[in-house]
Amino acid sequence: MSAAAVSNGLPFRRWLTLSVAGFVAFFAIWWLIAASGLVQRQFLPTPPEVIEKFVALTQSPFVGYTLQQHLASSFGRFASGFGLAVLIGVPLGLLMGWFRWLDAIVTPLFDALRFVAPIAWVPFAALWFGTGIGGPMLIIFSGAFPPCVINAYRGAKFVEPRFIEAAQTLGASHFRMITEVLLPASIPSIVAGLRISAGLGWQSLVGAELIVASSGIGYLLVKGQANISTSIVMSGMIAIGIVGFAIDALLRVLERRINARRGIAG
Amino acid sequence: MTPSQARRPTAWVGVLTFLVLAATWYALTTLTHTISPGRFPAPGETWDALRQIAITGYADARLHEHILHSVKLVLLGFAAATLVGVPLGLAMGASRAFEAFINPSFLLIRPIPPLAWIPLAIVWLGLGDAAKVLIIWFAAFVPAVINSYSGVRAIEPHLLEAARTLGVPRTMFVREVLIPGALPMIFTGLRLSLQACWTTLVAGELIGAIAGLGHVLYQASLDIFPAMIVVGMAAVAVTGAAMTALLGAVERRAMPWRAR
Amino acid sequence: MRRQIAALAAGITLGFATTAASAQQITEIKISYQPALYWALPFYVAEQKGWYAELGLKPVFSTFPAGVPQIAASASKSWDVGGAGSVPATLGAVRYNLLTIGITNDESYGNALLATAKTADGFMKNPSSIKGQTIVLTANSTGDYAVQSCLAKWGLKKSDVTVKSMGQAEIISAMSSGNADLGGLWAPNTYTMEEKAGAKQICSGQDAGAAVPGALMARADYARENPQNVAKFLAVYLRAWMWLNAHQAEGIAMMKKFYEQGGVTISEASMKKEFSTRPTFDLAAQLKIMRRPPGGASEVDGWFTKIGAFMQANGTFPEAPAASKFITDEYMKMVDADPKLKAFASRSD
């Protein structure tokens, strides 16, 4: 997508000033509403109060662990669910892009399951996996899986026909076609899918941790709620937001690097 | 996009797939008992559960009442997300300055999962529809913003140039250039928004619902009633697909110039 | 290089084998419970004191946020024995053949209907004003049972009120922010609401004359295959209560740590109240309440039959389970019959 505006972006100074202003405005409005008494103070703490609680959570444990430890625990669950989604989803998408019969079989299933929220799988996760990482993994997997498949599929489907023809003329087997033609050509789409997938997977984490009662940022959130501590709840939300943002930023850098190497404008 | 002629055989394969799956489901559960009923319900049980909820009722209402309740919430959330998200996305796309100012707030809110807003939604808005719609809104407004924004960015630069040179006044610019140009991507955003509404519905109805498909799913999980959970999931899928199809019809009407 | 690694591996394996052979027969047992609850405290205390190891058991604990996921997890054999409320235990009996092998405590006082500070006095003076109100509670729980028993006590029907089901954390949020006036909670959430939001307990299961027991459970097939382990598990649990009742001060200190791990901080007065309002049962008492006269029902049978009827009326299952089918004192009897286990279970040191 090329830059449409004639003015090719703002000068850096202006962009920086406006961004900082926007950032400050967000907290200013929050602070104002909190201080105005529109909402009970207990249920809308001011930014400094939340930050104080956030820092406190990194130093002293709440429900057994510090904030970082909870995050690490959650990240482990996320990584396994996301990893599995990529491992199964990307190859499946490529195969669907190549074998039309597979596409015809899987697509209706996909369309059917698309509206089912990851959280709806929680009871089955408890039933099938009980304790351990399997349960949360299933929830995160159900959130992260679709974009992996869809983007790999789209990437494979829209590969330049002449590449495919060339490979076919050279007598490429199905396996080689997929691994040496479709996969490389689909990388930009796949990586874009990874970003969306990671985002959805990380978001499913709170739902995934509904059956967990040991550690995790989602668990911390619920316990903060049960303690009538809005600061803890908001600290948890901020932590989730920061890590989610970081994961996305990292993948965006990866996406840009890969696209740059191929001469595609990021 | 595959042309509609090529779609028909695919549709038949789709039907065939479902039949094969249904047969396998039946075989694995009722015939061979490979999958025990405690793990996943058999077709017979699921059918019984469907009859129960449709005729006698389950979770304080009957199926059509649950569906209506959920559709109402989805429409409210969808409307709120569209009314806020689309103009916001358009404005961000049209003005770099506005984008720079708003982006930080958007980036701060966006990664927080809708489910995580439940504690705050309850204490701020109580247990009524407003709290549920808020949860749905958080999920649905993101695709609306992003896609409207991308829609503006995708407008051919020379169209914008032309409008600028001709000195088109602001309102006419928005109405005749910006919106029609961005409309395809706006509709993509709306479709994603609607999908997000349905997936977040389950989370939203955790806040004191007395009816609704999410409420059915929650009650069925408390009763450990897998057959009813499957019925609930199926109902969500069917209703969601139906609404999406309706949206598709609206899309085709709104953009007759797009050969699909 | 490879040969050296193989030799090293062989040496280590041999070392382990020898150690294992000379060590005591330690068997693993998977125990489940929910954190920060009074009846789960004995599990914590017993582990801290090393009493499981004394009987040759190595406990592998799993915790669950609520009874329902805990029961669901038994389907995949993730745990062998554990504790839960009587309502989830009954659900477990119906769905997954879970046996109730003992009573954790009598928590009739600890499951109650609470009202916010503003409305509590009004409702207490005139309970019929509860008609038409909304009550938030967790469906299919002991809290649900207590609330509905209270309504029955006041001559109100479930249809006279609007019941909204949600998790305990959501109930706390709703009540503390004034978005719900009436809620069904269980301890220690009741104390959290009283201390941090000024709510008042207006009727408990005890007030309504409904006995709300907590249950010790075992998977039926595990119990069948490992009866000794189940008996040992019971013996350790009983000993822990003996100790806690004899050393309340120390017990409260451990309770504070245990509750904090589960994210609950309540005052010492409330913790003391847990001890004083929730009777526990030693071996003799367990046998007494579980004893079935020939052709008749035990006291525990009576409690669970009422609970089963309540769940059936809620539509959780079409038919309530027969108490005699899933409640068994067989394993308590095993503890009683074995002099070593009986002595162990009667120790309060």
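Labels A, B and C are assigned to the chains in the order they are written; within every chain, residues are numbered from 1.
FYI, a residue touches a chain if its C-beta (ideal position, glycine included) is under 8 Å from a C-beta of that chain, and two chains touch if they have at least 3 such contacts.
Quantities reported herein were computed from a predicted structural model and do not represent experimental measurements.
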| item | value |
| --- | --- |
| Greatest separation from subunit A - chain, by CA centre | C |
| Inter-chain pair with the most contacting C-beta pairs | A-B |
| Separation of subunit A from subunit C, taking each centre as the mean of its C-alpha atoms, in whole Å | 37 |
| Length of the line joining the C-alpha centres of subunit B and subunit C, rounded to whole Å | 40 |
| Euclidean distance of C-alpha centroids - subunit A vs subunit B, Å | 18 |
| Per-residue overlap in subunit B, given as positions that touch at least 2 other chains | 38-39, 119, 123-124, 221, 224 |
| Per-residue overlap in subunit A, given as positions that touch at least 2 other chains | 40, 43, 122-123, 127-128, 224-225 |
| Junction residues of subunit C, two or more chains touched | 68, 72, 75, 167, 169-170, 173, 176-177 |
| Residue ranges of subunit C in contact with subunit A within the complex | 32, 34-35, 62-65, 68-69, 72-79, 167-170, 172-173, 176-177, 189, 192, 196-197, 261-265 |
| Contact footprint of subunit C on subunit A as seen in their complex | 40, 42-43, 62-64, 122-123, 126-132, 210-214, 219, 222-228 |
| Residue ranges of subunit C in contact with subunit B within the complex | 68, 71-72, 75, 91, 95-96, 134, 136, 138-140, 162, 164-167, 169-170, 173-174, 176-177, 179-180, 315-317 |
| Parts of subunit B lying in touch with subunit A, wherever the complex brings them together | 9-10, 13-14, 17-18, 21, 38-40, 96-97, 100-105, 107-117, 119-120, 123-124, 150, 152-157, 160-161, 164, 195, 198-203, 217, 220-221, 224, 226, 229, 232-233, 236-237, 240-241 |
| Touching residues on subunit A, where the partner in the complex is subunit B | 1-7, 9-10, 14-15, 18-19, 21-23, 25-26, 39-40, 43-44, 101, 103-105, 107-109, 111-120, 122-124, 127-128, 199, 202-207, 218, 221, 224-225, 230, 233-234, 236-237, 240-245, 248 |
